[in-house]
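Have a look at the structure that comes next, please.
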């Protein structure tokens, strides 16, 4: 039964991906992609990785999907002006076949061989994680890896997020391009939905963050949920990005600031970079995670909201076209 | 106990099959709203699968995943309504798709 | 066959198909989709292969969590640059000829170039008049 | 306080300052920070020279559970090189960015994140950590390319981003395979565990392909010329001098350090053939360019080819030849970094001075803006490999290695490559010394700021100076596998 479930799930995943790749209609490809994210979350569950399922449900099926839909909407809104009615269809040319075919077949054979002839590993990190988890300050092994054993990776990863935001801010169109956007229409249904869903989202976000120290959950998943809540608010017509403009920058960097400060301050006491003082590891990790949740939420949200104007600014958009 | 597991697995398997039916709906469309609605149902079924799997696999953490999925699945829908709906672009035509 | 191995194999198939699409398509949005699915395939291989014939391993799961966040930043960045590119050029793909002939848009490019140069020359000239003044906070709005 | 983590903390802290306090004079603050970083890397260089390589366990978790940083001779040389080039580029940018207020606002945070990532890569001893570092480098570099938001910049940035992301995924897939086969990500531990089997070779092949894309080795170079040729001058300098080297560095560590003995001789020769093709293709394309910055960018494509010659010269040859190849290759990396940064900076000044990117516009400027042209010439001398220069020493070591191991075909490639380089460098000179144009008083339309000219000249002088002081870095660039024994058990 288990295996049958997995086989059907895997095939469905593959079919969905094929749907994304082969669909001529861009919007269909994007909806298929959202479905792909959802199936992938189920696959992570079957792989005993509920943390990844959480992240995939929030990021893959949620945020990335919204970003993609927004981008497709942007494309169709702008092509309309150029009087191309079948805006969602892809008329772009294709490259010659030989390179795709070679790379596809080559990768397939290479990877199958790699799986087939894989040697047995002599080092076992799971054992080491288990032996050292008592010292890490948290009970959940994935949180222990992310924020203690391999916290340096996490620090750099937050830097990656920050870089993306800096570039987004740099590429944001100048202020005069944005003021002409019509005020968002008041939508009673959406408003009611927001009023009911938003508190639940924030609550779940906090719960996921808090749960992270002893069970699946943590800063990334919590941050992704927070970001989703903010995106929701923005879509519902609240101009979140404008309210938060002054605090945004601090909020963006807060997690990184706290993380780096904690990491460096222990060095003054002569301990290595990124260690936690004995006995305080648990509390510090939770504190850092809370700040990271806030930061990640704001960063992911600004990656969504800093996009160039979209369909809302149809009339003005023409000015940007130099063709 | 084993029988209960099997029953839960069976339930999730059946839900998985309906999920695949939803996949076909997304593929066939024919217009964007149909696809989006099918994706929405897809999310709901996903929540169901997660809840049954939580019982079958004895993993209570999956209930959290289901919760998150239930909350976030609406976002794509809202984005679709706000960003792609016809009233935003008055001249916009519904693309016809030949299934 | 275990489920871990099965999903790792699915990951391999996803990678191969996504690579095909990535190299075949020129539409930038489609290539972002392909990139994301290829990434998911890599993550599946990473977790599936590590757990195949072994216990559940938190390390690759943590790595994949990091990878997912990195992939999201990269995707968001690609979308932002793509949309900006689309709104200044109206194109959804990069010109193939640009690889070999980057000076195709020479007239246009040299115009903006001259603007830049003039403004820079102005700035440098004004700088020569007041050389001691540092370039503080000029770009802040 | 240990110096190794300091080299990560300094750029990250300054990145944060640049991000949070944009109203401060970020340029001067950046130069100050660069000075601190330069001192820190000089001290680390000295301590490694005296005490040998050091390992540093981050968070007090030993590898393989934690992440270990490694500072050996090559690492500290590259750290010092990065700090030196970056501070001069920062000084140049200080003046150059005055005309680009919008770009300046976002240049400095990206600059610091880029430096943090580069330092992280030079120091990394962990495969997955390298992946995160590579992504940080990529996003920061792409951001710098697209800063202006102009059509060509955005197109170049997209092309770069897509290529680099694909490269990263190839690398990550290799990491996944290696982890599944050996259960560890620590490079030193892997170097003892790795055996010659399908999985290892597949993993290393995937990582190699990914890194070749990121290093822009022919025929995977197409993204480089528009990105490097189109960016702002200080950005081009940083990209060509440092960024492409980071992925090559990982490649070299992978095959010659962690996976020593795993590279088949045929594979090494193939990498060499790619390098040779890059040398000739890049050289010919450089010769054809009409825009000066594109000429320099194609010159980067060609010069990166020399780096690939390390693999055939150091694989399956005698230890002496391998050592010479390693030293020559790494010295070439350093010398090219200085020379190419000098070249991009001086070209940036020339373009400003004549108000055009076209090479023909440089006609007759030799008497009008001699300092920048001189810097360009000095950098050219090092690129051509004429004595005395860092480039000459590097190529001489590689030639010796090729002759010692009897690989005469690489001797020919090295010599012809230098000839080709000379041709396109002299093409620029022939135009700029055009007597007729000088007599007509053609050329310069604006005076260049002395700060721009001096910083380029300084970099070029260092590239030449490496010819006199090459013994210093070479001493530290010994073959890394010889050090493995010494590294055992050294705790922070």
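We call the chains A, B, C and D, going by the order they appear; numbering starts again at 1 in every chain.
Note that in this section contacts are C-beta pairs under 8 Å (C-beta built on N, C-alpha and C of every residue); 3 or more make two chains touch, one makes a residue touch a chain.
Model, not experiment: these values are computed from the prediction.
When chain pairs are compared by their number of contacting C-beta pairs, A-C comes first. Per-chain Cα centroids separate subunit C from subunit D by 21 Å. Separation between the centroids of subunit B and subunit C, computed from CA atoms only, is 29 Å. Centre-to-centre separation between subunit A and subunit C, using Cα means, comes to 15 Å. The set of subunit C residues that touch two or more partner chains comprises 15, 22, 45, 49, 59, 63, 66, 70, 73-74, 77, 81-82, 84, 88-89, 108. In subunit A, the residues touching two or more other chains are 2, 46, 63, 72, 111, 115, 118, 121, 124-125, 129, 150, 153, 157, 160, 163-164, 167, 171, 310.
For subunit B, the set of residues that touch two or more other chains is empty.
Taken together, the chains touch in the following pairs: A-B, A-C, A-D, C-D.
The residues of subunit C lying in touch with subunit A in their complex are 1, 3-10, 12-27, 29-30, 32-34, 36-37, 40, 43-45, 47-49, 51, 53-59, 61-66, 68-70, 72-77, 79-84, 86-90, 92-93, 108. By the touch rule above, subunit C contacts subunit D in their complex via residues 15, 22, 28, 31, 35, 38-39, 42, 45-46, 49-50, 52, 59-60, 63, 66-67, 70, 73-74, 77-78, 81-82, 84-85, 88-89, 94-95, 98-99, 102-103, 105, 108-110, 112-114, 116-125, 127-128, 134-141.
Interface of subunit A with subunit B (complex): residues 1-2, 4-5, 8-9, 12, 15-16, 19, 23, 25, 27-28, 31-32, 34-35, 38-39, 41-42, 45-46, 50, 53-54, 57-58, 61-63, 65-66, 69-70, 72-73, 76-77, 80, 85-89, 190, 193, 197, 200-201, 204, 207-208, 211, 215-217, 221, 225, 228, 231-232, 235-236, 310-312, 314. Every residue of subunit A that touches subunit C in the complex is listed here, in rising order: 2-3, 6-7, 10, 13-14, 17-18, 20-21, 26, 29-30, 33, 36, 40, 43-44, 46-49, 51-52, 55-56, 59-60, 63-64, 67-68, 71-72, 74-75, 78, 82, 90, 92-95, 97, 99-101, 103-105, 107-108, 111-112, 115, 118, 120-121, 124-126, 129, 141-142, 144-146, 150, 153-154, 157, 160-161, 163-164, 167-168, 171, 173, 220, 296, 300, 303-304, 306-310, 317, 320-323.
Interface residues of subunit B, counted against subunit A in their complex, comprise 6, 9-10, 12-13, 16-17, 19-20, 22-23, 26-27, 29, 32, 35-36, 38-39, 42-43, 46, 49-50, 53, 57, 59, 61-62, 64-65, 67-69, 71-76, 78-84, 88-89, 91-93, 95, 97.
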